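Paired with chain B in one complex and with chain C in the other, chain A is shared by the two complexes that follow.
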Partner chain A sequence: MIRNKLYPLSFILPALVLYLLLFIMPSVLGIWFSFTDWNRYSPDIHFVGFDNFRTLFTSSKDYSGYILNTLLFTVVSNVVKIVPALFLALFLNGAMKGRNVYRAIFFLPAVLSFLVVGLIFRSVLHPSHGLLNQFFMAVQLPFLAGKWLADPTWVWPSIFLVDAWKGIGYVMTIFLAGLQSIPLDYYDAANIDGAGYWQKLRAVTLPMLVPAITVNVVFGLTYGLKVFDIIYVLTNGGPGRMTEVINTAVFNEFASGTYGLGTALSTLLFVVMAIVGIPLIRYMTAKEVEV
Partner chain B sequence: MNLKRLAVLAIVAIAVILPGFAADKAKVTLTEMVSQGWTTEADEALAAQFTKETGIGIEWQVTPADQHHDLLKTKLNAGEAPDIFWIQSNKWAVKTEVDAEKNCIDFTNESWVKTMPPAKIESVSYKGKVYGQGYYIKGVSFPVLYNKSLFAQYNIAVPHSYADFKKACEALKQAKIVPIYEAVPAGWHHVLWIMQIGGRYAELQSGVVEKLNTNKIKMIDVKPFVTAVKQLQEVAKLGYFGSDYMANSIDDQDMVMATRKAGMTLAQSGEINKIKTDYPDCKDDFGVFVIPLVDNQTSQSDPNGPARFGYVKSKYQSEIRQYFAFLARKENLQYKLDNTSGWTAIDVADSVGIEQHYIPAEKELMATLPQSKTGVIWQAATSYTNDQWMDIGKDLSAMFIGKMTPEQVVQAIDERRAKIAKANGDPAWK
Partner chain C sequence: MKKRRFAVAIAKQIFAVALSLTIIMPFVIILINSLKTRTGALLMDLSLPKVPVWQNYQVVVERGKLFISFFNSLLYATVSTLGTVVLTALAAYVMSRRRTRLTRFLYSFIVFGIMLPTNFVALIKVMQLFGLINTRVGIIAFYIASNTAFATFIIYGFVSSIPRAMDESAAIDGAKPLRLFFSIIFPLLQPVLVTTAVLTFLGIWNDFITPLYLLNRSTAWPMTLSIYSFFGRFQQDWNLVFADIVLTCVPVMAIYLVGQRYIVQGMTAGAVKG
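Our next item is the complex of A and B:
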């Protein structure tokens, strides 16, 4: 009987055709082009086997370093966003005056464009006349002033902090939605059992929040591996090439007209995302608790 | 009755449609994409005057200097370039940067072409066809601009060798003045140090340009060039660029020179006028000398410079031609020179009859340089060099922070030259 109420399978066709045409086909073509010498200067495209991939790992341009930078960004940027966002969400989920105002304030940077954020923070973090160093000077703490985006030691922490400033509100909002879906009965039961705050957090809140954590980790993972905007606007891969990531390198290759090499980098990114992402998502979805 | 109705309808239709056509004509707006710093208020004023005369609007798309090159290439590759775009042109860039045969409007038969001098025409042409329009500064390209008053105060002599240059820097450093203002984040400016002295490399190693362009030798084989990169590294290491050169903004260049925060910087000679105009409180005198790396004392000319190109896929090709013709008028070229505060002379054909405004500092420099010692800047002399300007900038930046050696920087230039040459099907690289 239920079968009769289901829509026929053919209804899926328009969406499937569009998906194949606009997503699967370009992706497969992209992988194919990574095995060719496709470039802007010549109308002919030749199959070159693994030449482009060989270039990626043997060129004096440190492509493997860019891959490591991408992985570093993915891990650290997620940690510095997810952990504080979780505590912020817990804090702003409690009964307090003006909590919606606080929520809005924390969420606000998420709606700003990366370009705006980049311009603002390049100015704020300037060593001589940036707002941050000026502040340290004004409060007689000149030893805290640094060359944030120009100093090899501080450039990555600076990027992580700016990225966290922009992204924390978004992650917090997902956690808030997750927190509000936890039935209060669990907390009542825990209270009756005499559980303290940390026990409730460990035994009730976190297990019930796994779907929200999964969403944040998956979003964070794909965002981190595909990162481009924040790096491009803050450092453009500098100082030197210290903060180059896969997508800034892809952008540079495409801009240079060496499409084959650019698509090889994209293919590499796809493989890295699959290797890291699929097992992680499987692991996390297995841990989800049904309410 | 029907005829009457028809007549009324026709009148109404004409009344509606004709102004519509007129409005459409007036609504044509050309988008013009240019890198930050390549245009001035004079260019905007000329564009506004063009709009006033013709009703054709000009919408500027100004991109950050360190992103212009990549953004334009990406737009061209995607087939979505603006109607007009600028590049740092040279005879190779016309092919490698914008692939003019495929992307640019052919202006060969336009009467304004002859307003450009022959070397400039060559720098915007490919296979005998003219694709661009460029009018840039005439004179020694990017000398070291220095504060004469500061030099006099600290008894510093104008350097004529690298050793003298270091002495001058050290004296300023001891006086707690940043010896040289440099702004690495701009991406392009610090590259000038090693590129604007191509004539010196050719002087020290004869035949080097021809050998490089036919791939008989690599850049790494050009010893004076490698030495210049090493000396640039040394200048940075010794603290002569100050402590903030990896974060400085190029927009602050005039301010720091006017306020004695720095003693020297690389700039066009005409920047002296700009400093004097923008900072009337500055009573200091300024002068220029040639970049003294590898003891350079040659005068360097630059047939290149920023140039405009028209996009061949633009819907408004006739309007673009109209705009270029307007800009090439004698009165408009004179206006551009007279109203661009950093300029003292404009590189146009003598037949145009422009009144140039060389300043004393330039005349003084030209008097000290032997006329026989003139050369062409490195990126104009050698192929596939200008195309990788921003990449070289990144590598030099990596060298400054100790992530690359000078030799690695030069080898990376060779690697990119080979990549671009091969992609272009250059027979010398096969």
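Our next item is the complex of A and C:
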């Protein structure tokens, strides 16, 4: 009894109420709005069944392409960050001069906003004067210079490059924290058994890094599926609409006043992330109970 | 053998320096060119300006409304961070101490929010409903709500590391729950609260999409939104855009240099436990 008095449930209320009203309610209401013709131009909202979803999958505006782009971004952007970041972490975990300085430098872009990073790279990738093209000119490889953000062949690689520039240090830092928690005896034992670099990586390092890998994958998935800022600032969905993703398309619908369609796209994302999220969150919270 | 080890060490240094340069060079270019004239900055090269044009910064602060948006960013980030930390610490503390089916369910339900996207279009309708649209209170309340899931997750795990005996002895001394929490538990949670606060603060300071949807008065804009609008208006004046980027980066970089340990700790929380 004393327990219940000490830990009143009312302590949960303020956070729970705010969370329910401003975080859960929009998503739930959004599900309802996605079945309506809600728009800027008429005061009435009518139920229209699955019309919006039919539009999403059959319209000439290629919404399914935006959904595919979102999935492409989620997969590729994470692979090109997580794999190099792992090796970078292994590299900086070894003994070397100045490794703390390097760690600090690599992590630096993580504290900047995607917006600022996007603007910085609008300049670096500038077709005529940008740093990258000037570099190619200077090293006598002018044929490598390109219109990075306007050329359909190069626009996705450019986006992934900028995203990696900003994000690798963060992923690396999480791996470093994981690496530091591995007891050194494990490597001593592996050395005695005569294990080589790759064997040690496969048999000791990777299994011990599972928590860090999980965190990077969970963060990477949520980041990738929700991506907005970096695309909006770098290409705004262009050239044409070939780099449009779900959240930039939602913003376009919002800007043009077709709210019903916008919420339908958001709801689609919500459902996908909820399905992906339930087992991941189960896993994360189950770990807590064991502690 | 010794020679070879030396060669490897040199190769490692060259590799690390080259990578560091790819991070640093863009900043150097921006810094140098923010002090050039309009035509000089268009070339975006590494030559130093003949005469540094400090007026660029003055123009940016005045035309880009930097003071007011700096104040807005600071207000949103500080108040939302304090709100998030206090409210989620209260909730996480009770949910962790009093484990019943209800509190376990609530905990999973709240943490589930980590994975959920925000439906901004519908959020606008909800904000209108509560009369919070386009207000500073509204955006702060939303920031607290949207950071609740992650903050609860980080703090909850830490609460169980504080011995219950602390609570019980205070209770025997007759402390009321709220007093017990703020005078005993809250200070003991300090490490995890600093971590949570740093993360929440940076996230809000760097946020762009929320004010883009929720605030259409330019006087309420945070830094991110005003620099974006500035870029839209002065796209040809790279010297001014660069000066604006420098001014936007300086506060976060200063915080990073001072509080690097906390930031890295905060951002890697959860990566190693479990």
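What we mean here is this: the second predicted complex is superposed on the first by the 254 of 291 C-alpha atoms of A that agree within 3 Å, B and C clash if a C-alpha of one lies under 4 Å from a C-alpha of the other, contacts with A are read in each partner's own complex, and residues count from 1 in each chain.
Basically, contacts are C-beta pairs under 8 Å (C-beta built on N, C-alpha and C of every residue); 3 or more make two chains touch, one makes a residue touch a chain.
These figures come from a predicted structure and were not determined experimentally.
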Item to complete: Tell me which partner A:212 touches in the superposition: chain B (first), chain C (second), both or neither.
Response: second
Discussion item. Taking the superposition on A as described, I'd like to know which of chain B and chain C A:238 touches: first, second, both or neither.
Written reply: first
Worksheet item: Does chain B (first) or chain C (second) touch A:35, or do both, or does neither?
Response: neither
Discussion item. Residues of chain A touched by chain B versus by chain C: which partner has the larger set?
Written reply: C
Worksheet item: Touching A:60 in the superposition: chain B (first), chain C (second), both, neither?
Response: first
Worksheet entry | chain B versus chain C as contact partner of A:126, first or second or both or neither | both
Practice prompt. Have a look at where A:254 lands relative to chain B and chain C in the superposition and call it first, second, both or neither.
Written response: both
Worksheet item: Which chain A residues come up in both lists, the one for chain B and the one for chain C?
Response: 126, 232, 251, 254, 259
Practice prompt. State the interface residues of chain C toward chain A in the complex, per the touch definition above.
Written response: 9, 12-13, 15-16, 19-20, 22-27, 29-30, 42-45, 87-88, 90-91, 93-95, 97-98, 102-103, 106-108, 110-123, 125-127, 130, 141-142, 144-146, 148-149, 152-153, 156-157, 160, 167-168, 171, 177, 180-181, 202, 205-209, 212-213, 224, 227-228, 231, 238, 241-242, 245, 248-249, 252-253, 255-256, 260, 263-264, 267-268, 270-274
Worksheet item: Which positions of chain A touch chain B when the two form their complex?
Response: 39-42, 59-61, 126-128, 147-152, 232, 236-242, 251-252, 254-259
Worksheet entry | chain A-touching residues of chain B, taken from the complex the two chains share | 66-67, 69-71, 73-74, 77, 95-96, 99, 184-185, 187, 243-244, 246-249, 387, 391, 394-395, 397-401, 403-404, 408, 411-412, 415, 419-420, 423-425
Fill in: chain A - residues contacting chain C, complex
2-9, 11-12, 14-16, 18-19, 21-27, 29-30, 33, 88, 91-92, 96-99, 102, 104-116, 119-121, 123-124, 126, 129-131, 134, 165, 169-170, 173-174, 176-178, 180-181, 211-212, 215-216, 218, 222, 225-226, 228-229, 232-233, 247, 250-251, 253-254, 259, 262-263, 266-267, 269-270, 273-274, 276-278, 280-282, 284-285, 287-288, 290-291
